[in-house]
Amino acid sequence: MTNLTLRKKARARRRNPSVWSSYAPPFAEMAERFFGRLLGRSLSWAWLFCVPVAITIVVGWGLAANAQEEALSPDSVQAVLDNIWILVAAILVIFMNAGFGMLETGFCRQKNAVNILAKNLIVFGLATLSFWVLGFSAMFGSGSYLFGLGGYFLGGDAATYGLDGGTLTIPVFFLFQAAFAGTAATIVSGAVAERIKFSSFIIFSVLLTAIAYPISGHWVWSGAAWLTDRGFSDFAGSTVVHSVGGWAALMGAVFLGPRIGKYQDGRVNAIPGHNMSIATLGCLILWIGWFGFNPGSELAASTAVPFIAVTTNLAAAAGGVAATFTAWALSGKPDLSMIINGILAGLVGITAGCAGVNYWGAVIIGLVAGIIVVFSVGFFDSIKIDDPVGAISVHLICGIWGTLAVGLFNVESGLFFGFGIGQLLSQILGIVVIGLFTVVASSIFWLILKSTVGLRVAAEEELKGLDIGEHGMEAYSGFLKDTSDMSGVI
Amino acid sequence: MTNLTLRKKARARRRNPSVWSSYAPPFAEMAERFFGRLLGRSLSWAWLFCVPVAITIVVGWGLAANAQEEALSPDSVQAVLDNIWILVAAILVIFMNAGFGMLETGFCRQKNAVNILAKNLIVFGLATLSFWVLGFSAMFGSGSYLFGLGGYFLGGDAATYGLDGGTLTIPVFFLFQAAFAGTAATIVSGAVAERIKFSSFIIFSVLLTAIAYPISGHWVWSGAAWLTDRGFSDFAGSTVVHSVGGWAALMGAVFLGPRIGKYQDGRVNAIPGHNMSIATLGCLILWIGWFGFNPGSELAASTAVPFIAVTTNLAAAAGGVAATFTAWALSGKPDLSMIINGILAGLVGITAGCAGVNYWGAVIIGLVAGIIVVFSVGFFDSIKIDDPVGAISVHLICGIWGTLAVGLFNVESGLFFGFGIGQLLSQILGIVVIGLFTVVASSIFWLILKSTVGLRVAAEEELKGLDIGEHGMEAYSGFLKDTSDMSGVI
Amino acid sequence: MTNLTLRKKARARRRNPSVWSSYAPPFAEMAERFFGRLLGRSLSWAWLFCVPVAITIVVGWGLAANAQEEALSPDSVQAVLDNIWILVAAILVIFMNAGFGMLETGFCRQKNAVNILAKNLIVFGLATLSFWVLGFSAMFGSGSYLFGLGGYFLGGDAATYGLDGGTLTIPVFFLFQAAFAGTAATIVSGAVAERIKFSSFIIFSVLLTAIAYPISGHWVWSGAAWLTDRGFSDFAGSTVVHSVGGWAALMGAVFLGPRIGKYQDGRVNAIPGHNMSIATLGCLILWIGWFGFNPGSELAASTAVPFIAVTTNLAAAAGGVAATFTAWALSGKPDLSMIINGILAGLVGITAGCAGVNYWGAVIIGLVAGIIVVFSVGFFDSIKIDDPVGAISVHLICGIWGTLAVGLFNVESGLFFGFGIGQLLSQILGIVVIGLFTVVASSIFWLILKSTVGLRVAAEEELKGLDIGEHGMEAYSGFLKDTSDMSGVI
């Protein structure tokens, strides 16, 4: 029997979800195996009796093959398509880790590059594990209105996570949601860059993705979502993901204080990034990653999915163009970092409303986000909150804007479509509730860390760069051939 | 009601395209909402009368649920699959912006990196918006043989864009085509790099993607395609996209003139790129992006799609290998920039014929393209047309070659398959007509820009680098720790 | 007739695989065309007789259209979905070339960057062509137990490659498998970096992908897989791909010897990489590429596919976290290159068992792989086998571990699930047989190359860097504005 044939059999078997979903609980499984062995292996000599049966099977082969094939229905194929599409969407969202990593590293200084790369790389690993252990249960588990319970370690069934009656399997829903949790954590990374201890950051990431992010997410996206019951609408997470990451980032920046030299003698010193090539690459990776983030939030494959991709793309384009001309008008030059942040602002802005606004709404949301982000970056500098990459402006401020915009531009509930301020009030409720919770929760985390491991590296380490201090290595060792390379190694 | 349940409802609703396609026209919609409100909200107390109706609904629930599921047919699932696949293909094509950005930036000098990155980043935003406003209508709208009309701002229905009777939704077709338009514009970016004014380039991009590219594209890919009616065949755009971009790039390079120092005292000075790492990354991103570009041009999901991916891949491989050995033979060393351009040459070459040639044809097309591109780069230098990244050789020359190759290798019409020179003559017609049109149109655009905003930066700015002059920033600020970083900021 | 209409027709035609699969053999095709022309073109005046037929056709139009649509069955849509998903998976695996390229380049020195980039770029082109000519036949062709025969140049039918009765088309299966072959070759690239001749490497790559890799792969994944018949299980290639690449890399490193200066006076000199930004990007690209590698190895779209993605992701996360803390404990600092190699170690480790272990098994496999890789890197340095990027530790050692782990953690055959050591013994058999074969085959290849073109560049070239010596160019020419750039070019 060939490997291909074996796989086909395995596939047929796995298409029955009741079998392969039993992979999860190891103890039940071991019992099942044990009894299966009793019946199977110890009676293995019994195959001789199977000869007549085998003949019958061979005779009935053609029919049986047809019968097996006929088990496929349009619904079952659609279910497979739903799962494959959301898997692809999850892969795109996971790719956003590369986008954030390149963006944040490029926007910061060379001496801290290894540190930022290491944070952005390990954070998705940590988010995956903490979401597997606890976060996924806290976010989607049933149990209470405050937070979910049960189904830890992916040990629950479809009903545990509110997936009964739908087509998505637990693994694909978990992967997609874990990627979202990772996004929330990686947003924080940028705002606290160039001065936070590596150990503090990774502990905070675990706490955020295991506890804080899932709890507020539970209120909007779970089966017991009390904010959604009150009309709050956040399709793909302008608030649930981006503002939550943004609030946590804001509190981190506040508790850490600004980088040495950023605000001196009443002046704001621009600290330019060391690698705009990878920062721009990061922006473009995030752009395509968002085509998983927003259209994937449909949680199904349908002919409506591309509409969401187009609103997303229009807002990104409008945000980039608006920020370009705003910065051009203000400073006399089209600043590349503002083009980048304008695109991201448009993307964050459209995230809440991408499925419910029309094309004009998407363009307006993007344009406004692109203008807001330029002024917001200036604002946070004016109050001496140091955010090296503009993460708070992009994710928190434009996340709030995008969530409010649902109340204005949603074609089925928005103010500008004649539906009054009901939706807008629901949006404000969600923004305030989730904002307050995240500020309190993340402040507790940051303060605990401050009083135990400590938040900030020593001043000398900060001046030298965190790469040497935290990781004992440089990002671009021997980059200049004629110095360290030739003389050092050889 | 949970968010998941809400989404399922929304999905069911959106699966009826007649509902969600009405998202587009805001005024019709607002009227609809207004009357909907009269009937809905002001009668909201009328829900008491609905109790008996609700009981009836609950009784019929199981049946209704089944009935709704049974509405899925193999055709409807295939339609969803078509849309999802073309969305994925569009995402891959959009990712090509990152490929072009990294390739062009890496092939140019460090002092112009920010400028090239900014151009390549904003150009897809501009292309999206100008294609939304006008370009998509001019290309696919009905109306005339010269150019399309109607359906501006995505306000038309499926018939407006020739999509009636097919499975693709307007949004996914728009996104895929907007990505193609962006590609045409981004090709220009490379050839005019290191000396063009940022403002001139972005205006040209808008004109190209809103007017020139859609008009010639209308002649080949629309419902009133007179060149296609005359037998011209360009499956995925060797001419429609790549040569159009290439002709526009050629005229730009001609009107701009060469970079200072490129041609001096009768010699050609090689100006090597500053970052081959990101240039190679760009080439590999383009390679996978082409798996959206060519197979996606099938405009449907079918078992024939992977065949197109294989011809595409064989041609890329053959192009890379041929260019490697050609350059090796000529210069004594395998030049990395020629490996890169050879792969891209093979990809551009196969684009017209990827669905209609066989594997041998694909390999031959790629091999020839890989050889052509090496000599073409030398040729343009010999006539002092300065193309910093080889865009004209790759996209124009190999685009022409690929379009001609359809007349030779197409298994259903090509000369080498015994069908005479009819197809070849049709290909020449298309190449000449579209070439002439694009040369004239882009010359008009360039000359208008030259006489108004001006095309070229001042000589001092060019010497200093466009990053400071156009954008007021550097790409690799403080890259060297021991100089600007430590002393400057701190 | 519009282009869209034409394409729809072409699509309908191609959906019948018996027609488009005839694209492959050019001679049969030419004969077919010739007779088709006799019947078609020379009788073209005969269309007048078709008028009554045409009327009949028009009358039957509605019915015919319905009939054509009704030809779609759930099975045919599932078949399309299978092909599209495996195409997407193949694209992700092909993207891994960018991942390996960036990883290896970043981990090596600046003076050898062009050489490593060129190797990693051309290797997929070479693998594509040599797999097309010979490798695909040797791996999947029928004929013998030792290696496959027939169907060279993709000239066979579905039965030739064991695809009869399944849904995958030959092109998509070829593309997916060619991408795997390219992976095996690119693994070698890292271990032999910074000292191997470019010509030797590309010849070795061709030999590996055309001969050695397909033969041992034939024993596990073909229709005549004798190792699979003996119970050996390697779902996605921990041994078939990664260990094979790893063994070839090991022998290459042995025959080449260490880089100058690596082991001096009994000390191991660390030679740090020159660009950790692109190395980290490479790791993240590989991470998402693995979502094509492992889930795509299901060779079908099903609801079981996402489960494989989750085990893959959990192992990657666990590997990264384990390596981080292991390196932290050993050296006092969390080393970024160890985080990267830990993630890759987890990914390689889970590759064999990704479809057959449960979540806990995946996490344990990843954790162990992440710990192993740290010690393995030290071990190979201790025996003076110089592997600049850790490829042998990641791919060979963790490939072996992952293959063994199937014998421990497979829920249907593993030791820890009460099934005895049978599976484990089968795994050991496969590891030993494939290891011995690859060591012998690659040693023969390396020794032939050593005695003909030579393996290693001259010592002076190695000291200066291979970029100048092998390619006549630098990776970062004029990167520093104030030196080479301004004075050199202008």
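Order of writing sets the chain letters: A, B and C. Residues in each chain are counted from 1.
The criterion applied here is as follows: a residue touches a chain if its C-beta (ideal position, glycine included) is under 8 Å from a C-beta of that chain, and two chains touch if they have at least 3 such contacts.
For reference, the UniProt names are A, B, C = Ammonium transporter.
What you see is a predicted model; the values in this text were computed from it and never measured.
K.L.:
Answer with same or different: of all residue numbers used at the interface between chain A and chain B, are over half used by both copies?
P.N.:
different
K.L.:
Chain A and chain C are the same sequence; what rotation (0 to 180°, nearest 5) superposes their CA atoms?
P.N.:
Superposing the C-alpha atoms of chain A on chain C needs a rotation of 120 degrees.
K.L.:
Please work out the Cα centroid separation of chain A and chain B, and write it as a whole number of Å.
P.N.:
The mean C-alpha positions of chain A and chain B differ by 28 Å.
K.L.:
Among all residues of chain A, which ones touch two or more of the remaining chains?
P.N.:
Residues 74, 77, 81, 88, 275, 278, 281, 476, 479-480.
K.L.:
Using the touch rule from the top, collect the residues of chain B that touch chain C in their complex.
P.N.:
Interface residues on chain B, with respect to chain C: 74-75, 77-78, 81, 85, 88, 92, 109-111, 162-163, 166, 220-225, 228-229, 260-261, 269, 271-278, 280-281, 283-285, 287-288, 291, 295, 298-307, 309-310, 313-314, 316-318, 320-321, 324, 331-337, 339-340, 343, 355, 358-360, 363, 411-412, 417-419, 463, 465, 476, 479-480.
K.L.:
Residues of chain A touching chain C in their complex?
P.N.:
Chain A residues touching chain C: 1-4, 6-8, 10-11, 14-15, 17, 20, 23-24, 26, 29-30, 33-34, 37, 69, 72-74, 76-77, 79-81, 83-84, 86-88, 90-91, 94-95, 97-98, 101-102, 105-106, 113-114, 117-118, 120-122, 124-126, 128-129, 132, 153-154, 169, 171-172, 174-175, 178, 198, 275, 278, 281, 470-481, 485-486, 489-490.
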